[in-house]
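Structures given as structure tokens follow.
Heads up, the next two complexes both have chain A, just with different partners, chain B and then chain C.
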Partner chain A sequence: MPFNAKSMKFNANINTVEIGTGDKAIKIGGENTFPFYTFDAPTVNAPKVGIEISDMGLANEPDCIKAVYAGCESVVDMAKKAVTFEGVDFLALKLEGGDPNGENKPTEELVELAKAVAEAVDAPLVIEGCKNVEKDAELLSKCAEALQGKNVLLMSSKEENYKSIGASAGLAYNQKVGAESSVDINLAKQLNVLLSQLGVNSQAVVMNVGSAAAGYGFEYVISTMDRIKAAALQQGDNTLQMPIITPVAGDAWGVKEASASEADVPEWGCVESRAIDMEVATAAAVLASASDAVILKHPVSVATISKMIKELA
Partner chain B sequence: MYKVTFKFESGEDIIAFAALGENLLEVARKTNVAIDAPCSGNGSCGKCRVKVVSGELQSEKTRHISDEEYADGWRLSCVSTVKEDVEVMVPDIASAYRSRMKVADLSSPEEIKIFEQAKSDMLEAGIEFYNSFCVQTVNMDEPTLDDTMPDNERLARAVCEVGGYESAHLTFDVLLKLPDVLRENGFKVKCVVNEEAGRAVIYDVVGADEPCGAYGLAIDIGTTTVSALIADMMTGEIVAKASSGNGQIRFGADVINRIIESQKPGGKKKLQKAVIDETINPLIQQMCAKTKISRSQICRMCVAANTTMNHLLVGMNSDPIRMEPYIPAFFATDSVEARDLKININPRAKIVIAPNIGSYVGGDITAGTLASAIWSKPEFSLFIDLGTNGELVFGNSDFLMSCACSAGPAFEGGDISCGMRATDGAIEACTIDPVTMEPTFTVIGDEGQKPVGLCGSGIIDVIAELFRCRIINPKGIFVREGKRIRHDAYGMGSYVLAFREDAGSVKDVEITEVDIDNFIRAKGAIFSAINTMLNSVDFDISMIDRVYVAGGIGSGINMKNAVNIGMFPDIPLEMFTYIGNSSLSGAYAILLSDEAQEKVHEVGANMTYLELSTTPGYMDEFVASCFIPHTDAGLFPSVVQADEELCK
Partner chain C sequence: MGKFITIGERIHCISPVIRKAMAERDPEPILKRAKEQLDAGATYLDLNIGPAENDGEDLMKWAVQLLQSNFDNVPLALDTANMKAIEAGISVYNRAKGKPIVNSADAGSRIEYIDLAAANDAIVVALCSADGVPADNDERMMHCQNMLERGMMLGMEAEDLWFDPLFLVVKGMQDKQMIVLEAIKMFSDMGLNSTGGLSNNSNGMPKHIRPIMDSALVAMCMMQGLTSAIVNPCDLRLMETIKSCDVFKNNTLYADSYLEI
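And now, the complex of A and B:
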């Protein structure tokens, strides 16, 4: 008897969310199979890769990143350069300087910067907040207003501030809303329910379900993403059918494998390649667990992951 | 040393002396001033407030005390230390748990119905209500120079003759008073007799004209509340019933805090004293005073309590209960008599303790399961005891599963800023107008009783209504604004049920986001335990035939609202039955029926105990349940439907 492969595509789909405008706009999500299961159904939208820069410029960056952006005099210059790297689908601007426990830059200054970056590049834009829930509520709402018409993704609303960010980004200014929870399928789902009860169209929501660097409690991350995808596709749970975006850079570059200097641990080898390895390993793993987009820092990581996606998707 | 004077709204001042920097709550405990501290004095519950009348305390400001209240002299005693001579007023709320001791009115038809129902359920299940206690009238010949038999042999022989026993044994107290009683009454007496191991044991002897009966004491020792009753051993009639707060409350609201407190030097004695001398003995005294029953005629006692309460009652080391691998000192024991614990009944009375079946499923549950009679029926029943610990039993005549989850004291009003037990002044039911957001509520007590706080059933109603009117979101956060909705300096929202001027207390009656969050956790613990236990035996919610709800939450519990907030499974309402304090009904049955006593041991031995903390997936279930009604709305179709109809 001949072998007939059974296709395991599901009746449910992940929502397709478009970010950006014009030719460069990207679509994430849309799939009805497990990640890279091209033998079940053709890929709808291949996972997307973003590159991350910060409003702090190169102040807090390691030497290898300073080298990447050598010659750039401003954040806007960095943005222009970043989008030219091979494999970059979108640009992520992280407004970490807004943190009241850090630089505490005023909202207006950061919003101006976001506007300038948006003007300077035509790649789709993701705005990341400073992680302080009160400040983000104000900062991301103002960004949503200032960037009207650019169709940006604002990351992220959390349980504590979903009302203001959801209302401004999702309802008033027609942007895309990030929904961030911390590595728990139920918390992810609860936030999606809250957003939809607020009136935010679930087709405008992208989840960040939380992450970690590979090897750092990472099995929880993988299990959460796997189960979310399974619930969305197998059980057709429409409160979990939002695509997943995972910011990898922050976690991967923060661990000692990526940051310990060569002087401290000579046996570990070159710090730049270690950092790239951490970033690539983490990104590859979250993509294999059904993330629809990742945010990376190093152009080599971006190119590597982009190549991996091309070959698998 | 400084002088600390505790003043009360009613009652005499108590004066204590304290060193500089001594904690006020500690000073109060040492001098036996009852200040309720459910959180064991870590400043998180805000219940231990006192008012400084003169002098001053070194006291931190907490979110439980507003600026105005602070200026008025209100302080939390647990965060206050002594720095000079001071006079403090202990408000009624803080000492309420003791002063609210009440001897229940037995004319209440619901109360009687619950016991009658339990009794008839058990009779139906084939349990005979029989014990061998009786009162014998004994007429003896007076001794003469020719008839020189000593008093004790004379009585024993006469009792054997009347009752047809082989031999008779006199307890020490009977022996002691025998010469006087016999001679004062011309050798015509009445005896309280029980047949034990083939011989008669004489518990009490009184003159033939004096009132005499054989009575028993059934008692349910809850972590928060203690309820007791005295029953006639021969007729089964309940002659008195009483309840009060557990005197151990001031040493912590939950069993873990109590165990920790008992490990301190002198702790075991202190906790035993708090439950026996300050709680059980006063209850017995009140009931005896009311009914004129002599304590020496209370000849058997039955205790239904959780494992920790049992251990603390007996006065033994309970630390192993809380430490892995969680082994109690006993499941069942017949070693205890009233005199061992200095309980003020007949000193030789046997104390029957309903068997524990695990560290966190105790005799209250085996007794409750016995009373619910679910072990005798073919249908699948779920038994839920809503106490400080939520305990569940699921099964039928073929199998029984049990598990416990930590619900916290929320169902009895603990850990809720305006929470209280279901006594006078408690809001027990509430509805809210979806447009104006104005509440309508019923308050326990006489006509005109002003609201003081919320009891468990009231909290369920308020949260269900706030959710139905979309005033709170499924996480319990306020999403509408209005005159009754406030936010404090820290941004925390609250809903005012009764403003200060309409309330019977010193402050507004309100429910805060923190309260709602505490309650959501409690209800989440219950529902996730139900779901996890059913899943572990491959059942689902639709297979439940009956649900029995027990506990001190109050008969006012609105099952529909409890389903609406996702506390109970969404099955037809007629399947729910409130069976009151089943632990006490069970204790009552064990007291009166030797067969029930055997049965409860059998039920306990046959129950499978599921340890939730080691069950994979319980945590996931719990997080999913901490949402109104549930993260998986599909589990609550009727709630979703009602919500959609409201939207239209």
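And now, the complex of A and C:
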């Protein structure tokens, strides 16, 4: 008997969410198959890769990143340079300096910076908060207002602050809302339900379901993503059909494999290649599981993952 | 496994309000009941126009188009003794949200409803009975096999025959209840879909008792593998039970607001 391949194309699909404006705008999601299953159905929108910079400039960055942005005198300069690297689909601006337990920069200052960056580049923009829920509620809401018309994605709408970020980004200013949970499938679903009960159009929501560096509780990340994608596609659960964006850089660059100096562990070799390896391994795994977009830090990681996507999607 | 499918039973010509609305082609009472059921979480709506011997075809077309145009092509179960009316309904039916269900065939005088479903690429409710209540599960499964074979011979997919074990009333047939539940398990073990008029169990009971009995039975049925039921979705206790059982069966992912969606 001849072999007949059974297509595993589902009757449900992930929502398509557009970020940015004009020619550079990107579409994420839209798929009705598991990631890279091009033998089941053609890829709708290939996964997208973003590059991350911080409002802190190069102050907290390792030497190799300082070298990447050598010559840049401001965050805006860094932004302009970042979007020129090969494979960059969007820019992620992390406003970590807003953290009350850190630099505690005033909201106005950070919003001004976000506006300046948005003016300087035409790539789609993703704004990440400072991880403090109260500050993020204010900061991201103000950014949503200030960046009207730019169609940006505002990350970090969590269970504790989804009402303010959802209302500003999703309802008042017509931006995209990032629903963030930390490796908790039930909470990921709940947050989407709460946002939709608030009135936010589910087509304007992107999920960040949490991440970790490969090797650090990573199996929970992958099982969470797998379960979400299965619920969305196999069970047709429309409260989970939002595309997934995963900020990989923060976790990958934070672990000792990526940060321990060559002086401390000479047997591990070059710290820059270790960090890139960690970032690439983590990004490749979350893309193969469920992510529709990843946020990375090193241009080599971006180029590598972008090439992988081109080969597979 | 997909979620349990509820077929709302409240658009039924046995109700004087609905009968009058159907006779007069008055949309409002029908739309009101449809909305109530959909808001309460029904997936399919049953559309029972009764024997409809005179104007069944015209009535069914009107009702199908009325419901689908007002409720985003809501999937429907077409329920009447008039086969031509079912075909007429299917001829104007939009499949965007699911195939039409032919309600219903049996293994006796209504066996040709299977042919009708096969000819129209529809789902069919296949009642495992020929004349009256089957004596035992040997008889139920014989009917099941016969109807399954007939459907498949006509080119149907097995999944489009939804077997109905024939739910029995507790007051009078209490000793047969476990047999019905065992039949559901047999359908499930064969990988077959199933459905039925589950609330028949509580016929004749006081109004406040019925939701309790129906909820208990639906939970036991879902444990046995029942995949659908024709019920009153406005029964909140019943719907909460179904949603909770869908969580236990891993048919749907839990979230704190699971009862609200």
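The rule we apply is simple: the second predicted complex is superposed on the first by the 313 of 313 C-alpha atoms of A that agree within 3 Å, B and C clash if a C-alpha of one lies under 4 Å from a C-alpha of the other, contacts with A are read in each partner's own complex, and residues count from 1 in each chain.
Note that a residue touches a chain if its C-beta (ideal position, glycine included) is under 8 Å from a C-beta of that chain, and two chains touch if they have at least 3 such contacts.
As the structure is a prediction and not an experimental result, all values here were calculated from the model.
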Superposition on chain A - do chain B and chain C clash or fit: clash
Chain B versus chain C, judged by how many residues of chain A each one touches: C
Touching partner for A:283 - first (chain B), second (chain C), both, neither: neither
Contacts of A:236 with chain B and chain C, given as first, second, both or neither: second
First, second, both or neither for A:46, with chain B first and chain C second: neither
Which superposed partner A:163 touches (first chain B, second chain C, both, neither): first
First (chain B), second (chain C), both or neither touched by A:184: first
First, second, both or neither for A:193, with chain B first and chain C second: both
First, second, both or neither for A:300, with chain B first and chain C second: neither
Superposition clash, chain B against chain C - the stretch among 495-503, 567-575, 585-593 or 603-611 that is involved: 567-575
Where chain A meets both chain C and chain B, residue numbers: 185-187, 189-190, 193-194, 197
Contacting residues of chain A [partner chain C, same complex]: 185-187, 189-190, 193-194, 197, 227-228, 231, 235-237, 239-240
Residue numbers on chain A that touch chain B, as the complex places them: 159, 163, 184-187, 189-190, 193-194, 197
Footprint of chain A on chain C - complex, ascending: 2-3, 251-257, 260-261
List of chain B residues in touch with chain A within their complex: 473-475, 479, 620, 623-624, 626-627, 631, 633
